[in-house]
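So, here come the structures, one by one.
Okay, so subunit A shows up in both of these, paired with subunit B first and subunit C after.
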Partner chain A sequence: MVLALLALSPFLWLLLMSFKTNAEIFRFPPRLFFEATMANYGALWTSEFRNSFANSLIVSVVSTLLSLAIGVPAAYALSRWTSRGSGTITLWILASRMAPPIAFTIPYFLVYRHLELLDTLTGLIIIYLTFNLSLVIWMMRPFYDQLPRSLEEAAWIDGATLWQGFTRIILPLSGPGLAATAILCFLFAWNDFFFALILTRTEAMTAPVAVVNFMNYEGWEWGRIAAGGTMIMLPVLIFSFVVRRYLVHGLTGGALKG
Partner chain B sequence: MRGPNRRAILRSAGGASVLASGLLAAPPILAQTKSAFAGTTINASCFQTTYFEYLKAYLPEFEQKTGIKVNFTMQAFPVYNQRTDLELSTRGSALDVCNVTFIYSGRWIGAGWLTSLDSFTKDPKLTPADWAPEDFAGGPQSAMQNAKGETFGFTWEAGAMILAAARYDLIEKQGLGLPRTFDELIKVCDAVHNKDNVAAFTADKLHHWNWIPYLMGVGGNVFKAPPENLTPTLDTPEAAQSAEWYANLLTKYGPDGILSYSDDQSMRSQMSGRANIRTQAITWMVPLAKHAESTVQKTVRYGLMPEGPKGNFPGSNSHGLGIPAGSRKKEAAWEFIKWALSKETVSMIVKNHGYPSVCRLSVINGPEFKQVLTLNGQDVASLFLEVLQLGGKTGYMKYRTVPVYPQVGDKINKAMERVATRQQAAPAAFKQAQTEALQDLQKAGIKVDL
Partner chain C sequence: METGTGTGTTRAQHRFFILCVAPSLAVLALITLLPSLYLLATSFTPLSLTRPETLWDFSTPLENYSHLLQDSRLHNSVWVQIKLSFWTVLLQLLIGLALALLLNIRSRLLEALRTVFLIPMVLPPIVVAIIWKVIYTPDISPLHGLLGLLGWNVPALITDPDWALTAIIIADTWEWFPFTMLMVLAALQMMPQELLDAAKVDGASPWQLTWHITLPFIKGVLLVAGLFRLIDSIKAFPLIFILTEGGPGNVTEVTNYYSFLQAFNFSYLGFSSAITVALLAATVALSWLIVRLVGWGNKID
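After this line comes the complex of A and B, so read on.
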């Protein structure tokens, strides 16, 4: 309980701040009981943050779905492919994760400018897709490795096609892995600041960048920063809560071979 | 041969009268400007600041006058700098007008990423004489020029470092006045620290801005002779002695957590009455007297930055508007800059919104600016002008506009943190900073004396 409180204390502090006025935030010593205000949340709703929040939701959900749609069949194929090239290909898929993101910045920026993808949701979705694909393949492949081939073979004998065997037998069995992978993909896209900072301007700006915009040159809007931070945490908390049953099993499932 | 018939004569006479009435209705220059730029869209960008927040409200007026549509975007200070640095370095054409940030001005101008504005100001067709480029204060404007004296930006903001005592009443109670020297500063801090639960001094963690005036006051400097000779001079006895003194000022007289304060937190510590004295640019000092949330509106007093044994070197900086080299709409961009920084516009922003850090001398010397900056009966406008003139006279702020200053400044910040947290003694910390700064300079290909 104490540990949980300790771990949650930064979030609770942020949450409390989001309901305070600036004067209350800087009151010393701080008060635990104060007159709460919704003004900071109201200000978010009327500012550009609203659009940025929607942008974050769109790019995170779409890039996660696309990563899963492409990555999961790829992981299955690589798992079942017995050729020597399978290992090499799997390794190369990790290439996008082998260098720090900053190493890709200038090339991405120049290519995006040329393709007119700067400040577009499509541009961000493509970036997150490229980074998340390797994560999906590397997380899902061990799942499929541990599923006995006899399950699919039984389905094939019963007349199922390869695709039917995958979608009706294998995919339902990898639910926990899918949930864990999906949440990690979503988190990567949702929390990304760096690529959103470099590759967007105003139209496709995401919520983490929008929060930084409350740091004005002549003064920071602490209440709005706290309210924005809380709003950014909210979908992740809800999503994690919904899939928590699968999460632990999913994260550890592929680690053991039985 | 048939002469013109009656209908043709009437038609041409009617057309001529319509044309004549149109010309009479609009001033000739305006009509010419509007037709030349009608339908043009320019992209302008700056970091979030009140000057442009105020200016945005008047943009429709400019758009109507010139026919130029302005997409004006503002981002947080670090976000803007990061994005613009990348945009300029890749010679992009996404921006037509950009803010020339003080700490990046040397880098952006030196690398040829901005357009020289001399060709615009020297052409009477493009710039009327009464726009008066010489009306911009020399100190701030020097950051917008290269070594040859060419101008790449015109300043909209001048930051002039002054001293503000949020709780001057506590100082008065001790029979003291505003400190004018470093020794007096310590004396005042000793006398008022923790009186009425108020820390005597406050500052933010940007030591490479806050500490340097104190370093220069005892005869030290960051570089040997900037901008010509950029050999760092951080391992000198003056630097070590001054760093020790400044770290002591922060830790002995500052509020808890001072070493992690952002500029806003530092300002808030004064506004909430938790801390008393601060030396910082005027932009962060005026809210103490004017901000609705300030609890020290009646007790704040302002003075010049204290003087060291070797003189007074209050920091001054400036931000300007420039045109990226990659812009494809430079003339339209210049129209915007001309309007945004005209005497009339600057004067209007001061008059209607009380903006305190403008750069046009005619406005600074005007009655409205004086009125705006008369705070608690004090003539702060004169302090502001005095600091700007000090900075312009000897050019001691040149150290800050050299292209490598962001990297060297980072080393100074870290060294000061090590001294203030007693991780290292000042001589060792700044010797390390010197070594690291030298490595950065050599990596950047800058010639240094070894």
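After this line comes the complex of A and C, so read on.
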């Protein structure tokens, strides 16, 4: 218990800071009961930060939906269909999840300059597919491995087409897996900092980059920085509690059934 | 089920599966394979954004690579990387293992605690960086405040050349110990109870149990967790970007960060590409090791 508090104290400190006035932040030892202020959040909400927050939401949601649409059928097929190439495909998928972001950033930066995709939401959505599509295939494949083949085979015998067997029988059964995968995709896109830092300027700037900009350009407004940080972590915390059981699984790509 | 439905069905299935996989492979090829090849291509050019004519200049293809061997700042960054990776992976494995062993008792309270321990890992990396920036900034830091009360005046860790890397290691360990902890916990829960019972009957002490039964059982998981953390440690960016910007001097400048500076501060994209190709090769090799260890792709049902 003490251990947990100790481990979490850095996080709690930031949370508290976001409700403090600047004078309170510099007070030490801190008062246990201070007058909580929402001023930091208010200031954020009337600034550009609101747009960045919206950008983050749009980019994360769209890239999640796209990766699911493209990746889920592939995960299903790879689970049902074994071929000699599947080892290579697995390595390829793992490598694209593991690659240092800068490996993709340099070529994307060069190409986006020509395609005028720099500082656009579309540009970010595309580059987020590099990790989210692989994540979908990886998370969903073990789910399908667990569903017995006899399920869709029975449907085929009853005259369903292959596609119907997938959409009507298999897809509904993988609901929990789909939800967990969707949330993880959302989180990875939401948490990204590096790609957004390089590939956006002003228009498509996401929330994490916006918070860092407060630090660099608007002096050390600690209260606002803390409030911005808290707002960025809020969706993450909520979602992670929902999918905590699948977290290990998603982070390791099913290396382990956790 | 009827296996004898004929080759017609299986051929149709085959076609259907290809149709399912094709879009993903096509998209992945377009968004990961092609860019990697492009990265490889630019690594053979002296590309610099200030000189547009260098974009497709392949006259001295190996110049960047020979420069790799001579650039002492790069060599320093590799050394910093090794120190960072070694200490973070080691500490995360030890702390994660210790906590997992402590928490591996089924009870409501611990269940809740386990969830609480997840927080550092799922926080956006940028928020983790901000949290530690606060802790390492003397004016507002609870840590410095506390030490000050005890009469210790500690210098700001992240601006002190002797301490900056340690400060990063502490922050990174805090962020990622839950990962190793979770993996070990998952493995512990798969451990057959009979194994432990049998050892207990033979009169093994708790220490002996841990050392001779538990540890060998989770060895594989520790190795995989360590490899995952090793690969991730190569990508360390937000912490360094926010806390130290590679400084003071370049004591916290890891290879990834140096490559970022070369590309987007000095605009030597060509040289940076060469560094990145080397990094990419390292991650692919480590990923290959993971695939081999876990044995994916060989599994046939």
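As a convention for this text, the second predicted complex is superposed on the first by the 216 of 258 C-alpha atoms of A that agree within 3 Å, B and C clash if a C-alpha of one lies under 4 Å from a C-alpha of the other, contacts with A are read in each partner's own complex, and residues count from 1 in each chain.
The criterion applied here is as follows: contacts are C-beta pairs under 8 Å (C-beta built on N, C-alpha and C of every residue); 3 or more make two chains touch, one makes a residue touch a chain.
None of these values were measured; they are calculated from a predicted model.
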Does subunit B (first) or subunit C (second) touch A:Ile106, or do both, or does neither? both
Which partner does A:Val212 reach: the first (subunit B), the second (subunit C), both, or neither? both
For A:Phe26 in the superposed arrangement: first (subunit B), second (subunit C), both or neither? both
Dominant toucher of subunit A (residue count), subunit B or subunit C: C
Determine, under the contact definition given at the top, whether A:Thr202 touches first (subunit B), second (subunit C), both, or neither. first
Output check: A:Glu48 vs subunit B and subunit C. Expected answer is one of first, second, both, neither. What do you get? neither
Quick one: classify A:Ala95 as touching subunit B (first), subunit C (second), both or neither. second
Just to be sure I read the superposition right, which of the two partners does A:Leu118 touch: subunit B = first, subunit C = second, or both, or neither? first
Need the overlap of the two footprints on subunit A, from subunit B and from subunit C, as residue ranges. 26, 28, 105-106, 109-110, 197-198, 212, 215, 222
Could you list, by residue number, the parts of subunit B that touch subunit A in their complex? 47-50, 73-79, 82-83, 86, 90, 92, 94, 262, 264, 267-269, 271-272, 274, 283-284, 287, 293
Within their complex, subunit C touches subunit A through residues 1-2, 9, 12-14, 16-21, 23-25, 27-28, 31-36, 38-39, 42, 55, 99, 109, 113, 115-127, 130-135, 139-140, 142, 145, 148-149, 174, 179, 182-183, 185-187, 190, 221, 224-225, 228, 231-232, 234-235, 237-238, 241-242, 256, 259-260, 263-264, 269, 272-273, 276-277, 279-280, 283-284, 286-288, 290-291, 294, 296-298, 300-301
For subunit A, which residues count as touching subunit C in their complex? 1, 3-4, 7-11, 13-14, 17, 25-26, 28-30, 70-71, 73-74, 76-78, 80-82, 86-96, 98-111, 126-127, 129-130, 133-134, 137, 145, 150, 153-154, 156-157, 162-163, 166, 187, 190-191, 193-194, 197-198, 208, 211-212, 215, 222, 225-226, 229, 232-233, 236-237, 240-241, 244, 247-248, 251-252, 255-258
Subunit B-facing residues of subunit A, complex: 22-23, 26-28, 105-106, 109-110, 113, 118, 197-198, 201-202, 209, 212-220, 222
